[in-house]
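What follows is subunit A paired twice: with subunit B in the first complex and subunit C in the second.
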Partner chain A sequence: MIDKSAEELIVDSVKARFPEEVIEAKVQRKNRVSISVRNNRIYDVGLFLRDELEFDHIASVSGVDYIDMNEFEVIYYVWSINKKVLVGLRTKIPRDNPVLKSLVDVWEGVLYHEREVWEMFGIKFEGHPNLSLLLLPEDWDGPPPLRKDFVLPETHQERLEEKIKKLSSG
Partner chain B sequence: MLQKAKDGLMDIKLFRRVMNWGKAWSLWSVHLETGCCGPEDMARACARFDTERFGTLPFPTLRECDLIFVTGFVTKKMAKRLKIVYEQMPEPKYVIAIGHCAISGGLWWDSYSVVQGVDEIIPVDVYVPGCPPRPEAWIQGIRMLQEKIAKEGMRKK
Partner chain C sequence: MSIMKLSIGPQHPISAHFRFLLDVDGDVVLKLEPDVGYTHRGIEKLAEKRTYLQNLPVIERVNSYCDSAGTMLGYLEVIEELMGLEVPERAKYLRVIAAELNRIASHLYAASLFSVATGLETMLMWPINDRELILDLLERLTGQRITYTYQTIGGVRFDMPDGFKEEALKRLDYLEKRTEDYYKMLLWNHTFHMRTKKVGILRPSDAIKLGVVGPNLRASGVKVDVRKDEPYEVYDRFDFSIPTGKNGDSYDRLEVRFKEVGQSINILRQALKDIPKGPIKKWVPPIVPKGEAYTRVEAARGEFGYHLIGDGSMKPYRLKISPPSFRNLIALPHLCQNIPLADVPIIYISLDLIPMDVDR
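Moving on to the complex of A and B:
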């Protein structure tokens, strides 16, 4: 019998524990694992990763806008310091109603990352204690700027055109 | 009375020249980095290029400074802070815009968060283009500003 690598063991245990919820789990390369789960159970999968598989360091949270499929994807990148494996925990949510349960109770480090995803994509994290603007200006009132259908405000466009006209004429 | 005496003194060209000389050779700069020309700022201030030869010393308190180097991108959030810093500085005060981003907005000039040129917020005296400009270009910018200051008020009469 061939010994399995740490990455394959992680994939197997997640698949065995959540057979219904895991859409896809695979080893991308050495030290990299990708797990796609349904959005209703991401909290439990996170808890399982933290408590039983020693994934203790949240490295980043990012969002992807799949405008053609009418979906957002939220990716939690979690390190295991003991196993030296990075897991990309992915979940897709509908674009019309972007609400996801916050993982603050699982990893406290997502506080800032989820705030950033909230302000850039407009994805609402339920249970997050402080969803307020982090990087955008305090008086920002436009739509989330990293969505694919974001257009600059009209005043901004007009000012740009004025400036271009001024530069090209003189 | 004091103001009148001062104005009278300033009418004398020699006094004006001495004052301009003092202003031009003690341009202390605020320690404020808005973007990624910042490392170039450190390079020009350190031993190799040493702009203190020209009187430009980076200084932590803005109350004693006369010069802002706007180094790189100014985001809309930073623009407010930059204006606060500028307004808190005592006269005389000068601004040098460093790099393409500070001059016109640079690579992301049409994005949601970038100000298209720092001259929309505060008046700029010298523009130094480059991405980033080398420390020699900074020195040239400082020298140009010194020449500008030396001519201040000299055309009168």
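Moving on to the complex of A and C:
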């Protein structure tokens, strides 16, 4: 029998425990595992990763706006100090109703990460104790800025060019 | 009992733009809520609008005045992983040299700020003065003191100038001897002990649970360093150790940084000795293929995470930056519960938070 690497063992045990919920689990490269789950079960998979597989050190929470497919992706990157593997726990949620169960109870460290994803993408985290603006100005009332349909305010360059056009035509 | 709400900042409460919202009862801080975002520049959004090459100087400014070389390295790592690009050997060594010099400069800066917070102002000037020696070296190497844009996709921009190696070794010897003075002046100083020992104790289990990184995590006794766990560039070829603390208090957090300076000197000596001859840059097309990657590097303040999604064009589809200070920020409200108000600056400065780094 061939010995399996730590990454493959993780993929196997997640697949065995959650055959229905896991859409895709694969080894990306050495030290990297990607697990894609259905959005209603991300909390349970998170608990399993923390308690059974020693994923204890939260690294990052990324939001991605796939505007063409009309959905958001949220990725929790968690590092395991003992196993030296980084798992990307990812899930997709519809763009019209972006709600996800917060993982603050699983990893306390996601507190500010989730707040940031909330303000930048407008994804609501149910059960998060304090969803308020973190990095954006306190009087911010525009749409979430990291969405792809966010219109950037015109730049100085554009303004300058417009002025020149007006001056030269009139 | 009457609870008073107190707001400190945002104009440089201790260092840089940051605001504390405190609940105090007399002299006791019951709760601290950090208010960040005063230096938010929207770098993640900016990055989507610019090409990979145009992004180099922008990304560097995530943490510009302390550790731009370490910050940049992570961005290049993630691009090169997606491209499947192997950088010339000499360039790898030069990148490591720039990053480690920058780490020393950053830790010396942290030490000087720490001394200000404890009221020992002689030690404000000594490390700042010695940091200048390192910045001068970096200026010879890269042409700039603070923001280098030295490392670039596929290598580095300039080779080492003549006489750099000898000068660098001389200054490293000086710095090693100088560390002894720091110990006498600061770390073995009774006043300093009284102010920092047993202040802001971060237990290892809490540190892991909160996701604290870098020297702060190591000061709590957890041996985690990306340079050892997932060696990037040429870190697997050097012989160095990971210093850790015992108690996880403010004192340990500074001592770990001083020990790390010693290890950086160690790495630099080996790198300067072993550096091979050869090209320093590979020409690369400015297009990154479709795909996704997450890389981690150990910058001076801790682990930098970069998550890049490329769509096969010249611009990133999404670039998520997970900087160390943002991840250490959560330790501040955790440690500032039921402590004297006078300990807040000590704890804040011992975590070595840089608001620019938090805000991006």
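By our rule, the second predicted complex is superposed on the first by the 151 of 170 C-alpha atoms of A that agree within 3 Å, B and C clash if a C-alpha of one lies under 4 Å from a C-alpha of the other, contacts with A are read in each partner's own complex, and residues count from 1 in each chain.
As a working rule, contacts are C-beta pairs under 8 Å (C-beta built on N, C-alpha and C of every residue); 3 or more make two chains touch, one makes a residue touch a chain.
Here the structure is a predicted model, which means the values were calculated and not measured.
In the superposed model, C is the one of subunit B and subunit C that contacts more residues of subunit A. Of the two partner chains placed by superposition, only subunit B is touched by A:Gly142; subunit C is not. Contacts of A:Leu152 after superposition: both subunit B and subunit C are touched.
Of the two partner chains placed around the shared chain by superposition, neither subunit B nor subunit C is touched by A:Phe18. Applying the stated contact rule after C-alpha superposition, one finds that A:Lys163 touches subunit B and leaves subunit C untouched. By the touch criterion defined above, A:Phe48 reaches neither subunit B nor subunit C.
Within subunit A, the residues touched by subunit B in the first complex and by subunit C in the second are 135-137, 145, 150, 152. The part of subunit A that touches subunit B in the complex is made up of residues 135-138, 142, 145, 150, 152, 156, 159-160, 163. Subunit B contributes residues 75-77, 80, 109-110, 112-113, 116 to its touches with subunit A in the complex. Interface residues of subunit C, counted against subunit A in their complex, comprise 36-37, 40, 42, 44-45, 49, 208-212, 222, 224, 229-230, 294, 296, 303, 305, 307, 309, 317-318, 320, 322, 326-327, 329-330, 359-360. Remark: subunit A residues 31-32, 56-60, 62-65, 75, 77, 79, 81, 84, 86, 88, 107-113, 120, 133-137, 145-146, 150, 152 touch subunit C in the complex.
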